[in-house]
Amino acid sequence: MTRAETFEPGTTGIVVQNIRRADQTIIDGLAECGVATVHEAQGRKGLLADYMRPVYSGTRVAGSAVTILAPPCDNWMLHVAIEQLRAGDILVLGTTSPSNAGYFGDLLATSAMARGCRGLIIDAGVRDLRDLEEMGFPVWSKAVFAQGTIKETLGSVNIPVVCADALVNPGDIIVADDDGVCVVRRDEAADVLEKSRAREANEAGKRARFAAGELGLDIYDMRGRLADKGLKYV
Amino acid sequence: MTRAETFEPGTTGIVVQNIRRADQTIIDGLAECGVATVHEAQGRKGLLADYMRPVYSGTRVAGSAVTILAPPCDNWMLHVAIEQLRAGDILVLGTTSPSNAGYFGDLLATSAMARGCRGLIIDAGVRDLRDLEEMGFPVWSKAVFAQGTIKETLGSVNIPVVCADALVNPGDIIVADDDGVCVVRRDEAADVLEKSRAREANEAGKRARFAAGELGLDIYDMRGRLADKGLKYV
Amino acid sequence: MTRAETFEPGTTGIVVQNIRRADQTIIDGLAECGVATVHEAQGRKGLLADYMRPVYSGTRVAGSAVTILAPPCDNWMLHVAIEQLRAGDILVLGTTSPSNAGYFGDLLATSAMARGCRGLIIDAGVRDLRDLEEMGFPVWSKAVFAQGTIKETLGSVNIPVVCADALVNPGDIIVADDDGVCVVRRDEAADVLEKSRAREANEAGKRARFAAGELGLDIYDMRGRLADKGLKYV
Amino acid sequence: MTRAETFEPGTTGIVVQNIRRADQTIIDGLAECGVATVHEAQGRKGLLADYMRPVYSGTRVAGSAVTILAPPCDNWMLHVAIEQLRAGDILVLGTTSPSNAGYFGDLLATSAMARGCRGLIIDAGVRDLRDLEEMGFPVWSKAVFAQGTIKETLGSVNIPVVCADALVNPGDIIVADDDGVCVVRRDEAADVLEKSRAREANEAGKRARFAAGELGLDIYDMRGRLADKGLKYV
Amino acid sequence: MTRAETFEPGTTGIVVQNIRRADQTIIDGLAECGVATVHEAQGRKGLLADYMRPVYSGTRVAGSAVTILAPPCDNWMLHVAIEQLRAGDILVLGTTSPSNAGYFGDLLATSAMARGCRGLIIDAGVRDLRDLEEMGFPVWSKAVFAQGTIKETLGSVNIPVVCADALVNPGDIIVADDDGVCVVRRDEAADVLEKSRAREANEAGKRARFAAGELGLDIYDMRGRLADKGLKYV
Amino acid sequence: MTRAETFEPGTTGIVVQNIRRADQTIIDGLAECGVATVHEAQGRKGLLADYMRPVYSGTRVAGSAVTILAPPCDNWMLHVAIEQLRAGDILVLGTTSPSNAGYFGDLLATSAMARGCRGLIIDAGVRDLRDLEEMGFPVWSKAVFAQGTIKETLGSVNIPVVCADALVNPGDIIVADDDGVCVVRRDEAADVLEKSRAREANEAGKRARFAAGELGLDIYDMRGRLADKGLKYV
């Protein structure tokens, strides 16, 4: 539960080159569990804001965050970040000021995929949706907008960034699916995976009982507490 | 056009157990007509706000409303409501204060389906989208968000609730499809179905004429009134 | 880069009957290029606001704009506009005051298709989504809402309209796909197509290099300028 | 806690002429307590949505609701409603479909004030702000917008309306101040006033203790329960 | 009702130096009438979107528009525009893509005031609110935000711009007060002023009758038409 | 530019008791400079989102952040935080999930003022506006809403929190005025104050030149670069 990051969110002009990443089998395990389970398993924290939606549905991924702080309407740092990608990473972009411009499209997706990137989480806009879906490159974004961007102002790569209300450190694990996006701290990842697996096992049993017609009121033994609170049936 | 409900919207701590429902054949008829037709047939009333969108598209359902008033970020009353479900019902949840939390997911859907529930209309968030679609359980919601909820504060079940700008009484008929959600009063349902059928018949004739190239200007005899209002062709 | 339109945006009570249109082969060429490419090729202008989304995805169209200025919640002018359609046109509707009402559904779509219309761009709401998709009539809108409209107040047809932050003149070319909507001035269309083709050719080469693992940093020769701006690798 | 209204929300074409009102001394008492106290005293219900803001600040009023259901962009029913006003009433307007148009300005305010009206709660827009403030006529609205409205379609007066997420019955008491707007059921008004007074008395004592430096942790005896929940001081 | 502008909205890199302006006495007359009256007098057109609010209240101004098209987060063109100001002008800024950045503060206000500028209408953000109010420089904006801007990309000055849903040509008259902002075409200004004066005279008579207790139902002779539409009193 | 915080944003159940604070004279100096100047002086970072507005205008404050992470609709942690306040502090509240509920009113303000607190920054709602203004306790919030909150779930005090898109560490300096809210890192405060003072001195000279009618084009020597970019005067 401790951290010792080197750079403050908001710092510009920095590229951190060798970030630490979690074990890939842990990351893959978290992907299997999905956003809702991982969010619950780590104590209901880590969700990005609900406006972050997949640009096409049906995908579930996890990866190590390569983070980007970018100026509004300026996608220069994406090019810088792609060089820092390793197979299994996910790009996470926050901005220094709100923007819905189209920072990312099919060419950058081609470049990112060539380096093994598993997806993009961007608190801004993207374009070339048809290409992104055909390529199978998943994106969660705030907007779809074709607005072109410039390359004039520095941001940073691999410093902590605020993305859609959540702080993401480089090397944190991103889990994303149709429910949205969740971040897991790197040093909590193994523990969160274990708790997620336990939750899944527990839910499997519950699901069978629910399917058989049992009620949550009985499975969770809620009737007494509801009566204590004063619930009246009429 | 009269009503005599027992409880006020906003009342908490009450579960009404035996609500009256409309005839199932009427309900099924309304489902066939769909939201836009039913809305028009009953005099352009009953629509829920346009932010209520299906979490996956392609479904058209109708059912009797089992209503839920729930506190923000607290899904306890959903468990209470599920016990009140009968085959053919639709859950309708309004909140005492705005919330986008994830009140409902695959376990509650399993439980609701086990009791014959046809869907959920929720002025808040849901999660487990992939599961909901695989199970074929349709949901119209304000948000998709995995945020977990608590079980601490009472609301009510089967009292009138305001859901997405509309008042829904228990036992009212809910019609929902890709166009959104519409509520029909129980005692108006038969009349609304009749008018919906009439509208459909009328539109079938119109559609053929439109398809053959006739203009609305002529079909609806609009040219004179447009000229009277002063429309000028240049 | 000049224009000499006859009527002001906001003028009501006017129908301009014989607008000039661009050459159909140019229009079809722009459709092949798509929104993002055309937007870039014409100097990053012409995009409609990002809230204009396709009601179903996977379509790419272009056509000559038949423009409509309509009062809030009043779809009368759509009937007037349909008479002005020629094969290959796209309807573009702006309102005199904001509205999310359902101006357009399956009957009007049937009528528009009967006259060769390729789609609708509407800064308001539509309904009958299932029908629109089955008919293959593409729509980009601000809202999906079944709310019925009235026919009481005049607007205009084929005058310049502001639609989702963009000025659209009658006869301008509309390009629309999953990325949104872009408008091209009629007298710039040939030039924009040429630049779009050039951009596509250029991007094809780039895409191959990106796919082979080359970096944007090198392809676009960015390293020196980044260093000049002070970017530090740590 | 029961009700027996005659007309459904959404019904159009009706004017209910002689509604019952609460005792004026109770209404005036509620005005003195203000929105936050009344909301708490009646069990945290009755608030209108937070987008309902005063168009100028510093006013606190209460009155009996004369309700209006109005079509979008059509203010005809306001004229009908003003005839139904008695001294001490407050106009409450909900719409059949969302609208931000300017339904109300200085002329209607003059007319309403001439009949003793204390204010307007409107889930739409108003205009002539300078005049309204100079006249001392308070308004809580969703928007300030000068957009003119038409007089074409019937709504209703003095039926239950949904206004900004809350159901308001004719004759309910409206309390409004800089914190927003709260509705109190007519038959609960005396009870709510009594509880509001009790709450005020209780808070006066608490305020003195807080001002003297005592902590809520001690005044409300929270330390044990916090520790039980696991709060750790480090 | 005709126009013949030289440059298209969206064109960049152009400064038009000598625009035509309306007669100053007409402009001052429009300022006295205010936004709501002018909007009505010109046939309910010309309003900017309702999100354009004064940063401090109590001001009413009119002036000739010096228009600015600016890139997102880039205020370079404001410096260019200020050179084009003459006494009595109002700056009107639209952006090529949405931005809430703080384009304008006390230094630019000082510069604009030194040239006789009467105010700013900006579809983006401003800062230094305290200074602006102390200086008495009125601003209507989409946002208040201190975010700094850059000076890298060209826009244009004195071409037609879309600002908050309205097209504004250079030299058009801007009227702005607490109700919002309205644009009047230069060649319609004299006519609009005459109609505004007539409306004011008409309203003065109406106001006296309303204040004396007469009803709009009688003043406007609405009862018969309401009955014809089917309004029922119960 | 380094940091070594002990707890992660999102951690619950923790109260850090003795945080480090910046020198009070530095804090007071930053208050004099105001948000826009401080934001610029520290390299255009640190702004909270523009939806954070003062509930009444005309105040400018700075103080050391005592941070609060609170669950949605649950204000328990505010009581815990107030015990941690020292004279000169500012409360900063972020939530674990979005909420507009009324976490804070006159009683908590009385308690906070009794301990020397200078204000509240809250990414949620507040109430009792009239009292807050009369007491002179300044608040910047996302919403004004009287909705009552509960005391059921733990959050944390004095851990880093994300508040309105910005990361705030305990002991960071908050500067707030009518332009919004800006955060300054504790260990950068002295440097930022020095740069802010320099900026103010520089702007004073500029202001005099602007007031005398000099143009930014000349003061900043922009004409050459504009011409190089291709700006054309016509």
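A, B, C, D, E and F are the chain letters, set down in written order, and residue numbers restart from 1 in every chain.
By our rule, contacts are C-beta pairs under 8 Å (C-beta built on N, C-alpha and C of every residue); 3 or more make two chains touch, one makes a residue touch a chain.
Note that this is a predicted model, so its numbers are computed, not measured.
Student: Please compute the angle of the rotation superposing chain B on chain E (C-alpha atoms), rounded to a multiple of 5 degrees.
Tutor: 180
Student: Measuring centre to centre with CA averages, how many angstrom lie between chain C and chain F?
Tutor: Going by mean C-alpha positions, chain C sits 41 Å from chain F.
Student: Between chain B and chain F, tell me the centre distance in angstrom, where each centre is the average of that chain's C-alpha atoms.
Tutor: Result: the chain centres lie 43 Å from each other.
Student: What whole-number Å value describes the gap between the mean CA coordinates of chain B and chain D?
Tutor: 27
Student: Quick one: which residues in chain B touch 2 or more of the other chains?
Tutor: Within chain B, the residues that touch at least two other chains are 6, 44, 47, 50, 97-98, 100, 145, 147, 153.
Student: Between which chains does touch occur?
Tutor: According to the stated criterion, the contacting chain pairs are A-B, A-C, A-E, A-F, B-C, B-D, B-F, C-D, C-E, D-E, D-F, E-F.
Student: For the complex, give me every residue of chain A touching chain E.
Tutor: 71-73, 97-101, 147, 150, 152-153
Student: Going by the contact rule set out above, which residues of chain A touch chain B in the complex?
Tutor: Contact set of chain A toward chain B: 34-36, 39-40, 44, 47, 50, 53, 57-58, 60, 177-180, 182, 203, 206-207, 210-217, 220, 222, 226, 229-234.
Student: So in the complex, which bits of chain A are touching chain C?
Tutor: Contact set of chain A toward chain C: 6, 13-17, 56, 76, 78-80, 82-83, 100, 102, 105-108, 110-111, 113-115, 125, 127-130, 143-148, 151, 153-154.
Student: Residues of chain C touching chain E in their complex?
Tutor: That would be residues 1-12, 43-47, 49-50, 96-98, 160, 162, 165-167, 185 of chain C.
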